[in-house]
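You will see two complexes here that share chain A, one where it goes with chain B and one where it goes with chain C.
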Partner chain A sequence: MNVKNYLCCSLIPILLAGCTPSPKVLEDIQLVQTIGYDYVNGEEFEGTAGSSNIPPGEQSLPVNEVFTATGKTSKRIRQKIQAESARPIVVGRVGLVIFNQELAENGIEIQIDSLQRNPSIGRKLLLVVSKEKAKDIIDSNYSQSDSVSQYLIDVVEQNLEQTIPKVNLHRFLVHYYSKDADPFLPLIEKQGKHLKVSGLGIFKDNKLVDTISFGDAYIFKILYEKFRRGQFEVELSGGEDVSLENLSSKPKIMVDKRNGKYTAAFKVKVSGRAMEGVDLDLTDKKTIERIEKAVEREITERAEKMVKRFQELNTDPLRIGEKARQRSDFNRKEWKEQYSQMEIKIEADVNAVQSGIIE
Partner chain B sequence: MGFFKSKLKRFNRDNKQKRNGNSEHELRIDELLHRCKESADFVSYRYSESSPFYIHYYQTIVDINILHQYVLPYIKENESKTLFDLQQAIPIDNTEIIDNVHEIRDKLLTGCVVIEVKGSLQEALVISAVSLEKRPVSMPEVEYSVVGPKEAFVESIDANINLVRKRLPIPDLIVEEVKIGSLTKTRVAVIYIEGITDKENVNTILQRLNEIQFDQIVDSSFINQIISDNHNSPFPHLIDTERPDRVASVLSEGKITIIVDGSPHALTGPTTLVEFFSAFEDYFLSWHIASIFRLVRLFAVFFSVLSTSLYVAVLTYHYEMIPENLLNPLIASRSGIPFPPILEAIILELTIELLREAGARLPTKIGQTIGIVGGIVIGTAAVQAGLTSNVLLIIVALAALASFTTPVYQMGNTIRLIRFPFLITAQLWGLLGVTFCFSYILSHLLKMTSLGRPYLAPVYPLRLDDLRDSLFRLPFFMQTKRPLQVRSPVRTRFQPKKHEKSKRDIED
Partner chain C sequence: MFPLPKEDKKVSPYFVFYLIHAMQIGVGILGFERIIVQTAGYSAWIAILTSGASIIGLIWVSYRILNKGNNDIVAIHAEIMGKWIGGFFSFLFLLYFFAFALVVLRSYVEVLQVWVFPEVSEWIFVLIIIFLAYSYVTGGFRVVTGVSYLGILYGLPLLLVKFYPLQYADYGNLLPILNASPAELFKASKEMTLNFLGFETLFMFYPFIKDGPKSEKWAYFGVLFSIFIYLLTAFVTFVYFNQEQLKGTIWATLTLWKIVDLIIVERFEYIGISVWFFAILPNICIGLWCASRGMNRLFPVSQRSALRIFCLLLFFISVLLTNRQQIDLLQKAVSQIGLYTIYFYLPCLLVLQYIIMKVKKA
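Let's turn to the complex of A and B:
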């Protein structure tokens, strides 16, 4: 028995010798951190890999390194890039993928497919649409001293927390594969020495159909997900500007079906702290009420306009369809037919809880 | 079955003794003396021409003052001619008239003066006058504590038992003595408290001790290795301690202590893995502090065992795992190094082991120099020469530091050792290899026993009551029961009084 055990133990490593993974020693590989895709023509596209070389030394700063190639598939592009690189290229640390707007309008199916099939790519990967060429965004210098890739990732990540709805590869794929919802991605653009998140790109299936502004993206976020620590600015009837800070909001979608007709309603609960009312007496209850009313009106009006636009484009990034699907009497054909004409109500309930430090 | 086995064994042993007795029965007293005289330190003379008494002793192990003050004058005064008269006259207790030559020999060799009458054939008066060299009781060095008692065992078994017995002045404290070692004839004492200790544990120890066939027992660690449950395990099976207070404490828990003559370390058992990470000082501190320290020590063990292997695994296979902010410094420190991570780690680990070994073998004063040379000179020079990365240097140094936090030295050695298999498997299969190695060691620990009791208790088998004094230490009023591990017949340590939130003052 014991001899058998020893034999087994010594045999296992020998038999498994071929199964050992190939080592990828950290400093001997080229870590790609950002990928950009640009439109070339109907068949080919251009891929850009943003990476950095870190010279030895304690205080050394990373040096930006960009590889570009054109091809019909991402794998072909990767092959071409590999030919340029001194070290094997690995994509396990990609944090951001940039799609050029033109490419996105023509569909990003191939790229998404290759991303989601690759086991070494994480599901927390960030996807964005850029107004400029993706290559120009990756291959440029920003005022930050950190590596370019890291800077780009930081800018997008920070905005996903505060100003635009959260989306990463996983969430994108949920919308992308859902029959009753359409995906959306953040929109970025370069502004001088900075990168800026400038709104949202709305997709219909795999094609970009619309972009919405930064301000509307905020309304989108209010309708789309629960969040805290936001900020909202509104102009009162008297012309004064007031801002709500520390905003927390919680949306609720309700879909109703009466006589075969679908209706939907958003109920949004927003509460925040009224701040920065220049000439306003924020201790006065009436003023607070006025602020609340004004914010409610602002949110409702802008949201209704935005939802109308989505209906016109027949796209559903707010996943109203997903909510409708939860009903037992859901009929997808009917829903698809009715979606663009159905009635969607927006109700906002704003509560200004505090007015900061007074006197 | 077991009963018959033990009977058989006893029968065999008795037989063996009889045989030995028979073969040596021919030994006569004059032959014995003749053989002893070959040693230069053996003294044998007749007191005076008129006296019938011959005196024999080894001058190196006999207290010559006793002989001069209490024996010789009485031989001179006493005109009697028999040993019995002399025994009556000498004012020393424990004198014996023995007619067994083997006994006489044993006594002679353990520091007795043998007086023989001319003409008597097999009889001799044996007077105990032992003079043993021993150092005074000093401070504990291995298990030093800032607060608490500062006594440590010494190399004399009698002094050591004295230190224990004075802490447990009860008649139930039983000391059973066996002699082990065909050459060294080492006295080995098994100490336990009757009624509290499970008799089965005592019998296990006594049986294992009696079965030892070895020529020399120089230190208690010999016994520890010989009677351990699994000879192939790198983990120690019994705790060795140099603190009498710790011994007294574990005795009252129902455990057993083995004290070996010539060794300043007592062995206690049955024991568990977590006990190796509890310093006795824990009991001198308040329970919150002690609990946190124990957890810190446990963390230190894991860190010490796993940190370098994780470094190797992550840098070789799992570049995805490295936190974003750590990536740049790691690559920057690694990129100039000519070795792969595994070689780098092995070189550094070996350097630390070398330093430790060198420090341990050298006198204290030079040992400090070694620390400075190793730590500062080799460390910084290796980094500046670009041979190792400073990140790994930090990790290895921290791991070495963490391994010193283990209160029991033997366990610290084990932890030093088991890092290396982790390193190798980390290089072969990355994190999977680390997991594999960890599972292997865990399964080994699960199977392990100490004196037949599970080694990983109270974690597995889970014994909630025992957890109160293992990974953390709860306050004393909650420690009302002895650990289940020792199977004590009396589990209750004391009657728990209802715990009062606030202590009462003296009522007037």
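Let's turn to the complex of A and C:
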């Protein structure tokens, strides 16, 4: 390499060094962790950003910081929030977005669109619907010592594993865009010093149309996805309470079409260990059979009621339509017409084994 | 008139595998799923197979032409059509190679700007990339080959990341299997072919391969491997996205990375896009090398000065293209030209060469 080339090579990196984007130091930015949206009126909505600050000092606890603004678009709200904040707002680590129930009933299209369009937003983001104002949930103190945002995220995340169907931004978008399914989101509410997951919010397209209870959400989970390590309580005919632990469930949807008429059936395989039967002889085969029957009946009855309700509302969060679409003779118009009246059967097959360390 | 390169400038036949494969996998793979799904729905994976098969056929055609001519396209053109007409076609070819490098560079810079550095202006990236490409291409064909080998090696680990979206897979998405009309499938195949473009550079670097005819099988392997990569990518994307959702996702492969959950990185896209630079660098290098080599064969200029001219052009045109519409337009134009070149011009050239060689012998 001659001198000229050498000079050229060493000069370029020096010149380009001035072009690097400004670095972002964690202490110098406002990391938003939760976002809440509340209803104001048909046009405007209120956005709340929850973040935490760790003040200097060795043993200092995070301080909750909340910003609120009203506007017609998320970007406008963000600008207004930025005006309040001492440091630049960064949304790359948002973990939870809360929609107020009233807002969800009026449609969440604008908010969803802005979330999915932004390249700095991930897809593991959790979305929930809240009974209270989202602002009140973010701007409050809970008994935990963690930062508020982290606490909220943990509560929802833990429940997604155990008690309600798993849904994050990606899952929501899959249902939201599908022509043959409707989305659903977890429902949360505040109870004293705690936050609690209280069921599911069922959508029709982009509007909330129904909410189901915590118990039904569990039935929903059984019908919706394969999972393990669940738990289910049931009352036997004799009035005894029994619970199935370590429950695993595997649902299967089947859609049939005969003479242009659709029928659907859920086949659910559930297995678990019977526990906590105080007055019951769990080693007895007959008792086990009684438990199995009771659980089967409980699941079938509640599921049938729930599915009926979805059909009445003409919403399909259990994605039966997606299953129908997979048939080569699928006709969307026929399906949409028939869905609310079609026959949907639920068959549960429960397999219980006795357990516990005492006979 | 057109001397063959010296033995010490050549590469072994198996490097054709890397050269062809590196040229075929470029920026297209970041978003090709949407385009084929828009026409053929989730049966579009069949289009990948059919268009891949047609490319294999075209490689066969290319090797018949090249083995007979035993030189690059410039020499073959001159032999068949004479100095002036042949020279004109060769010039078009090298303009095409240049445009190919331009499209790849500009599309990649667009991805960088949208996803990673929205606040940095494009000329900075363009300058850095061109500088890097220039320094590789001046090293000669052997260095360019090395770059494409390394590019593939660095890009391959990204396939492991497909594991994360598969956790959200819905395999029923692929059903029913054949849900597109033959016309739709044909259209999707045509669109898919654009992603396989780039193997035409073979017409420029053929003399640089030791024992050219022996490299034919490696060229087939290269295409087969590209088909495999495209199929795998399409499969994961199809089971992960809902069809309607995918139709609105511009860079499906990049959006897929958003679900990746690693302990140390929150946004895997940043890493993925940076690593992907090594996959697009060979595209730019080979394109520039072919264009400058062609200039050197056609006109009395050294390859180095031709390269400098092309680099300057590359810089100015890239900076002048400012918005998405212009980039799209350029992309469409280049791929249409490429499409007609491979499907119509190459078979015609084969026939023409056959007839003229017969006549000359007689």
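As a convention for this text, the second predicted complex is superposed on the first by the 335 of 359 C-alpha atoms of A that agree within 3 Å, B and C clash if a C-alpha of one lies under 4 Å from a C-alpha of the other, contacts with A are read in each partner's own complex, and residues count from 1 in each chain.
Note that a contact is a pair of C-beta atoms (placed from the backbone, for glycine too) under 8 Å apart; a residue touches a chain by one contact, two chains touch by 3 or more.
In this text, all values refer to a predicted model and were calculated from it rather than measured experimentally.
By the document's definition of touching, of the two partners only chain B reaches A:S147; chain C does not. In the superposed model, A:R123 lies in contact with chain C only, and not with chain B. Once the two complexes are overlaid on the shared chain, A:G215 sits clear of chain B and of chain C alike.
Look at A:G92: by the touch rule set out above, it reaches both chain B and chain C.
Within the superposed three-chain model, A:I54 lies in touch with chain B and out of touch with chain C [touch as defined at top]. Contacts of A:Y177 after superposition: chain C is touched, whereas chain B is not reached. When the two structures are aligned on the shared chain, A:L31 is found in touch with chain B, with no touch to chain C. Residues 20-21, 92-93, 120, 122 of chain A lie in contact with chain B in one complex and with chain C in the other.
Across the complex, chain A is touched by residues 114-115, 117, 119-120, 124, 127-128, 131, 168, 170, 172, 175-176, 178-179, 240-245, 248, 255, 258-259, 261, 266-267, 269 of chain C. Residues 13, 20-21, 23-27, 29, 31, 54-58, 60, 62, 90, 92-93, 95, 120, 122, 147, 150 of chain A are the ones that touch chain B when the two sit in their complex. Those residues of chain A that touch chain C in the shared complex are 12, 16, 19-22, 92-93, 119-124, 170-171, 173-179, 322-323, 326-328, 330. For chain B in complex with chain A, the touching residues are 315-317, 319-320, 322, 324, 327-328, 330-337, 340-341, 386, 390, 428-430.
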